[in-house]
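Every chain is named by a letter (A, B, C and D) in the order it is written, and numbering of its residues begins at 1.
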Amino acid sequence: MSYTSSEMMTVAAARAVSNDDICFVGIGLPSAACNLARLTHAPRVTLIYESGTLETRPGVLPLSIGDPELCETALTTVAVPEMFRYWLQGGRITLGFLGGAQVDRFGNLNSTVIGDYAKPKVRLPGSGGATEIATSCGKTFIIMRHNPRSLVAQVDFVTSMGHGRSGVERQALGVKTQGPALLVTDLCIMTPDAATNEFVVASIHPGVTRERIQENTGWPVRFAQTVTETAAPTNVELQALRELNDRTARAHGVAASD
Amino acid sequence: MAEIFNLSEAVARFVNDGDIVAMEGFTHLIPFAAGHEVIRQKRRDLTLIRMTPDILYDQLIGMGAARKLIFSWGGNPGVGSLHRLRDAIERGWPRPLEIEEHSHAGMANAFEAGAAGMPCAIFRGYQGSDLARVNPNIKFVTCPFTGEQLASVPAIRPDVSIIHAQKADRAGNVLVEGIVGVQKEAVLAARRAIATVEEIVDQLPTRSPNAVVLPSWTLSAVTAVPGGAHPSYTHGYYPRDNSFYIEWDEISRDREKFLAWMQTNVLEAHPEDFAARPPLRRIEITA
Amino acid sequence: MAEIFNLSEAVARFVNDGDIVAMEGFTHLIPFAAGHEVIRQKRRDLTLIRMTPDILYDQLIGMGAARKLIFSWGGNPGVGSLHRLRDAIERGWPRPLEIEEHSHAGMANAFEAGAAGMPCAIFRGYQGSDLARVNPNIKFVTCPFTGEQLASVPAIRPDVSIIHAQKADRAGNVLVEGIVGVQKEAVLAARRAIATVEEIVDQLPTRSPNAVVLPSWTLSAVTAVPGGAHPSYTHGYYPRDNSFYIEWDEISRDREKFLAWMQTNVLEAHPEDFAARPPLRRIEITA
Amino acid sequence: MSYTSSEMMTVAAARAVSNDDICFVGIGLPSAACNLARLTHAPRVTLIYESGTLETRPGVLPLSIGDPELCETALTTVAVPEMFRYWLQGGRITLGFLGGAQVDRFGNLNSTVIGDYAKPKVRLPGSGGATEIATSCGKTFIIMRHNPRSLVAQVDFVTSMGHGRSGVERQALGVKTQGPALLVTDLCIMTPDAATNEFVVASIHPGVTRERIQENTGWPVRFAQTVTETAAPTNVELQALRELNDRTARAHGVAASD
């Protein structure tokens, strides 16, 4: 089956989610990836949305973080202060999924402003849960479309710390969690270098060239010693994703994962 | 002790120009009808507080009701930007808007501290984030036992909080169910509080001994406004009107179009109009 | 992820000599059957934590299982003193007992902080009380916004917490209802947690979307022990055995009588014996 | 109808409770007084027990702070951390009822130890909620049997601060709530002197002499300029109290108020 680069990205992200993960799920790309994992190889993965829904099993992708579907299919629903104190800060979440407008090579994310904070060129929605998801989850996965406006040399604002502006600040601050462990885009998969914490290309999606990755990245890209080719989406994966998107479109009149 | 008012009386009596106002609702149970009444009564210079300012706050800000916004995520959920919010921040239209920006964890802890009568909250947060650089209300304190640096934010103490909920009984006790967000904290943190509800019943259902119930004496006013959370939803009553959230993107992009829509749908409308607005529940589709 | 064990396996595997142990239950849902199993397995040098140590902790202390008690109210509720606790504190029998004493507010905040992964809690407390003079774990910190002095206590982080609850499903998710005390916090604050339940069912009831449910992955072991809270009670199952609380006053006054009772009713008894112990519900009398 | 001094004490305490009060109720004498108020002149009084039960209406007196009756007749029941944070510390409670083993003339209470803390003569149950009830409620009422071992010149341990060891510490610490506003015993009613915060006798129960009060008080007792005689319990009050005690005895096999 043929597939789009968006589908490749979602499938690649979904594969990184395991049955043992307890995921703090954001709306959009992370939600599609986590639910695809649940509907394919990780049926026992635990999904948590910051609206307070614990162990939710939505049949369609939620349009907002607090859709009725999330609460109706959850084990239980807790208040938002409890969600952030007991469940996120309490260290119960193994995996946080984050996106943003900009990411740098050290996994620092900006979802606040483009330009200067006081005189923004573009005002973005802001942190939401992201600032503490980045430091309280066991590790974080980042999922973003690959282009030079998104993968930048310097983020305009650090909403959520990855490894810090120079890759060492996270450790210096004594943050105990792992931080950014994976960056999945529509072109490739990056993982942090063990020594420098810089994202390096670990796997390239089928048909994508190293040059195209560099052209779409705002910093000089490094490639791992062994770079693999990402396995193309299987028919099973594609079918599950497309059915999920179809159900979602029928329910909302819009495809929430796109 | 909550008295049962109609909505316009409740807003007239308990919401003043210059107030610090929290209209809470985490995607669910957003008090649209009450917010529209605040707009109709032309309140000014409000400091608006909300974790997730969305369409309702976009409307209040676009109508010039607010001088300041305290928030942690400002967007049209699942759709994109809030154009009126952006216009106010980026271009000062219709008036400049001061912002105080937090993370969700910061706001949730600040609401919790307000409800708990504390002057501040402490939590493990804002590590390495530029938010601590731009917001002077984010400080750090030292744990007296471990020496760890912990973030601290001032408690949120609104002059008035406004929520929407499922049911009240005739004494004014209010039941909230489903995604309960920070509504309970918003009410308990506030000096005054207004709850709109879908219906007033003789007796609250006794499904669970631990149901989220706000006793009458934590509220100033309770008023029945069926459909009052539209276009958000009320768990057990009607679903979210997703198509309106998408339409809003178009309506709110243009100042004139926005003003025309507000004229027809808010300024010339009434709380009773909400009863007819929620969409019918779509057929359930499960995986 | 909770596995479904029998009680003796669960205690053998998850409770060690020297552990910090919280067996919680605020009058309701006290895990007597599990506590008796800890006594039968002869655990030693435990640090016992509980807001309201009552008969169960009197039994553990009287059998010499504890070296330290962290608590805020130690009595036989509605009856009087705990004679084994007093004998340990006043006369060191059967071994000296170190105590760390708080108020309920201090303990409740410390459990909350433990569940929240914090190193400490802050609250407005211990003002003018001599407790702050005798307990070095009560400190004071300054609010960075108002300058107010606030009390601080270290978070409670048990090695293992033990609770009793109404129901678990086959995946090990546990429902707690009624007076829920600090049981949820005790479980979430602990490294390991054991829940005994009245029954294991195919599916938890869905009375309320906001029911207090502890997901399976917050627990180490779940085990069905019908009647396991006797002589305390399980809301929806059986009432409190008030007469036993009164009898305990007599049983526990005398060391020999206490030891004889423990021999027969604990050391030579089994978890299954609890099923027959709860009293029938008395006829409801209302005003 | 004839009555006991215990009944006089409970009735006198009950009369001080109003319909507008939101009471944090302790087990024993406070619980009997608050429920008697609810069953007679204050049917709308709001009773809260520290076990988390909000607006409870027990038909019989609870034997413990967490009896099933309290939860079954409550508007709702919250977790104990919430009770102490949102409801007590949050300033929602107008009136706290306290007892203890010892009280001094400034309303400081001891429910911790008789003798030295490290080597106690008698180890008492301890604070429970009392320490913060004393500072967080709008005001507190104290109810205790009148004898020289209980009303003492100096408490052995300040579990719950009244006005402080010399009557001024409460204000010096900046505590905003009123503190001890009433001491009801089986002999009399005391209220704090406006200038010194010392409890002075305001009303003497029928048949009790000033000498008997002094003999049973561990400090030199002062009497208000105008001392009234407490009105004897009415038949309505006595009947309500006795019916409550009878129901309680039948339910528990013990009279919880005695």
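Convention: contacts are C-beta pairs under 8 Å (C-beta built on N, C-alpha and C of every residue); 3 or more make two chains touch, one makes a residue touch a chain.
This one's a predicted model, so the numbers in the text were calculated from it and none came from an experiment.
Its interface matching that of A-C in over half of the contact pairs by residue number, B-D stands out among B-D, A-B or C-D. Computed from the mean C-alpha positions, the centre of chain A lies at a distance of 28 Å from the centre of chain B.
For the pair chain A and chain D, the distance between C-alpha centroids works out to 57 Å. Chain centres here are Cα averages; for chain B and chain D they lie 40 Å apart.
Residue positions of chain A touching 2 or more other chains, listed in rising order: 71, 77, 85, 89, 136.
Of all residues in chain B, those touching 2 or more other chains are 112, 116-118, 123-124, 148, 178, 180, 184-185, 209-212, 235, listed in ascending order.
Chain contacts in this assembly follow no simple pattern; the graph is neither a line, a ring, a star nor complete.
Pairwise chain contacts in this structure: A-B, A-C, B-C, B-D, C-D.
Across the complex, chain B meets chain D through its residues 112, 115-118, 173, 184-185, 188, 209-213, 215, 217-218. Note for the complex: chain A touches chain B at residues 27-28, 39, 50-53, 57, 59-60, 62-68, 70-71, 77, 79-81, 83-85, 88-89, 108, 112, 117-118, 120-132, 135-136, 157-161, 164, 169-170, 173-175, 244, 247, 250-254, 256.
Against chain B, the residues of chain C that register as touching in their complex are 116-120, 122-124, 137, 139-141, 143-146, 148, 150, 152, 154, 177-178, 180, 207-212, 235. For chain A in complex with chain C, the touching residues are 22, 46, 54-55, 71-72, 74-78, 85-86, 89-92, 136.
Residues of chain B that touch chain A in their complex: 26-28, 51-52, 71-75, 77-79, 81-82, 85-86, 89-90, 101-106, 108-109, 111-112, 123-131, 134, 148, 178-182, 184-185, 212, 233, 235, 239-240, 242-243, 245-246, 282, 285-287.
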